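Next come two complexes, and both contain chain A; in the first it sits with chain B, in the second with chain C.
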Partner chain A sequence: MLAINQVSKSFKDNPVLERVSLTAELGQLLHISGDNGSGKSTLFKIITGLLAADSGSVSIGDNDIIGALIENPGFLEYETAMTNLKFLANLNKRFDAARVTELMTQFDLNPQNRQSVAKYSVGMRQKLGIIQAVMENQDIILLDEPTRGLDEESISQFIVLLNSLKAANKMVIVASHDHVDGLNYDQSWVLKAGILEHE
Partner chain B sequence: MKSRAEYGLWRSTFWQVMIVALLAIAVSTWDLFTNVEHKDIIATLIRSHLSVLIPQSILLVLMMWQVLRYRAASVLIGIRHQSELVQKRLLIQNVAEVTVYFGLYYGIFFLSGNKIFVDGSVEIGLLLLLLRYFLMLVLAILIVFAYRSQHPGILGVLTLLISLGYHYWIEANYLLIMYSPLYDPLYRAIHHIYQ
Partner chain C sequence: MNRKLGFWLYFALTIGLFLLVLLSFPGISQKEYSGLLFGYQEKPFYLMMFSVFDLFFDYVSLTIPQAELRSIRSFFLIRRPTAARLYATYFRFILPYFIPFILTKMMGLLIFPRPSTWLWIGLAIVAWPMWLLVNLNRKFAISNSVILAIFVTLRVLAHFYY
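Let's look at the complex of A and B:
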């Protein structure tokens, strides 16, 4: 369960989020649309605890784990994809080699590839960003512009992944400035000038 | 059994410590061989501009690079609520690297068989050796703040300036003279010591 209650956030005197409220349950797929700079990433950063809200509150279920892809994901640039994923998952001792290998294969990334992440293309980094957001069996998954840089085949795989996450009773919130065909959202919202409204 | 990915991170940490160890061995050995005339430890390892200017600046840059490497992944680490853990690990690694560096840098001279404190008192000599080690420890800790800092570049430059400022100002003008008047330029000029 995720409950966002009257969250506001300003940077200096510039209001980015104004009294944003949203409630969602596990097993739901949500979409938040909005132009660049509309506050989508800020909202995700507040949900994950990376940023503190000026006012309002965010609460999740006691045992829920949040996974997120926010903006351009940064990695340990001179390490391999597998080393990065293992490092991140092991921060909370949740590395599952079989799951990570399955996800990498699904997204056409070679788990044995010894190339450093620094040499990855934008699309490959994006796939890695999506994988790290779901590889630890996270319950609430926040994906900010997840299809940026992905080719059509990868977008198809992404849709398959999201549908399987939903079937596994995970909550997924996709924030993007456009719609991805093939996804049936349970809730659709639009964030405009810091105000969140039903679409 | 550790997987290849697990070895990946350990390998880079191991090589960083090895580079620091090799740097210390190379500099200490170089100082010993090039300072044949005057074997005092303070003259060789503290007063020498070159051994402070280049290798200790390299040590600071290496530690900064290590912190910036993890900083790149700070958002993904923060989402997992483990920023404190990573900074703690970086702190431990930086402190270990400074300790390895100075352990070898001083240790090689101590084990070389040379008489150690020739020009001044043992107490002030030891104090000088310890002060430089502690200064680098403080800078190593300061470098870890680059993980969260908005301006890590400024922090990096600041640590280099503190290290060099301490050497060229505090050590050269006050501490070395306290250890021995031989390191006072005026005393040397009066007594025609040009070596």
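Let's look at the complex of A and C:
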């Protein structure tokens, strides 16, 4: 469960979010659209705790774990993709080698590749960002512009992944400035000038 | 090349150049020789260059792991690990950089085992992780030029008070 209640946030007197409220349940797929700078990333940062809201509250279920891809993902640039994923998952001792291998293969990334992440293309980094957001069996998954840099085949894989997450009773919130065909959202919202409205 | 491997090659080169000092300047005092690892020598030219080389080694030993950990920091915070797990993870990651840094300083102890050497090694052991952790816990990173200035300042102090 995710409940966002009357969240507001300003940067130097410039309001980015104004009394944003939203409630969602596990098993739901949500879409938040909005132009660049409309506050999508800020909202995700507040949900994940990376930023503090000026007012309002965010609550999740007691045992819910959040996974997120927000803006340009940063990695251990001089390590391999597998090392990065293992490093992150082991932070809370949740590394599942079989799951990570499956996800990497699904996204056409070679788990045995010794190439450092620094040499990855934008699309490859994006895939890695998506994988790290779901590899630990996270319950609430926030994906900010997840299809940026992905080719058509990867977008198809992304759609398959999201549908499987929904079937596994995960909540997925996708924030993007455009729509991805093939996804059936349970809730669609638009964020305009800091105000969240039903689409 | 893997950056960690590159750093260890730099470490090996630093040790090699340091040993060369003894071959090139057999008359150098133990204090001056050991002091190269903490402070600096202005002349002759080779010693000055080694001082700069070793200063830069100290600098990269801190800035490489710091930059790496900062780049992945938001993924860390999203996972909300306990402080113990977070610092244990940091510790495991920084060891390959911290160990060579400390090993170079420990060489000073082999050459000049005096209280002043212990003092400067102690300072290095405390200051290096402290700066790393301070910087990792900040919202905005301290500029690398500030970190370099700190290392230079420590070297200047060691030059006069070692």
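Here, the second predicted complex is superposed on the first by the 199 of 199 C-alpha atoms of A that agree within 3 Å, B and C clash if a C-alpha of one lies under 4 Å from a C-alpha of the other, contacts with A are read in each partner's own complex, and residues count from 1 in each chain.
By definition in this document, a residue touches a chain if its C-beta (ideal position, glycine included) is under 8 Å from a C-beta of that chain, and two chains touch if they have at least 3 such contacts.
Predicted model only: the values in this text are computed from it and were never measured.
Placing chain B and chain C on a common chain A by superposition gives a clash between them. Contacts of A:Ala97 after superposition on the shared chain: chain B is touched, whereas chain C is not. Of the two partner chains placed by superposition, A:Leu150 touches none, neither chain B nor chain C. Look at A:Thr48: by the touch rule set out above, it reaches both chain B and chain C. In the superposed model, A:Ala24 makes contact with neither chain B nor chain C.
In the superposition on chain A, contact is made by A:Leu85 with chain B only, not with chain C.
Of the two partner chains placed by superposition, chain B and chain C are both touched by A:Pro73. In the superposition on chain A, the residues of chain A touched by chain B in one structure and by chain C in the other are 48-50, 66-68, 70, 73-79, 84, 87-88, 91-92, 132. Those residues of chain A whose C-beta lies close enough to touch chain B in the complex are 48-50, 66-68, 70-71, 73-80, 82-88, 91-92, 97, 132. In the complex of the two chains, the chain A residues touching chain C come out as 48-50, 66-68, 70, 73-79, 84, 87-88, 90-93, 116, 132, 136.
Remark: chain C residues 2-4, 68-81, 85-86, 89, 93 touch chain A in the complex.
Within the complex formed with chain A, the residues of chain B that make contact are 3-6, 8-9, 12, 69-70, 72-82, 85-86.
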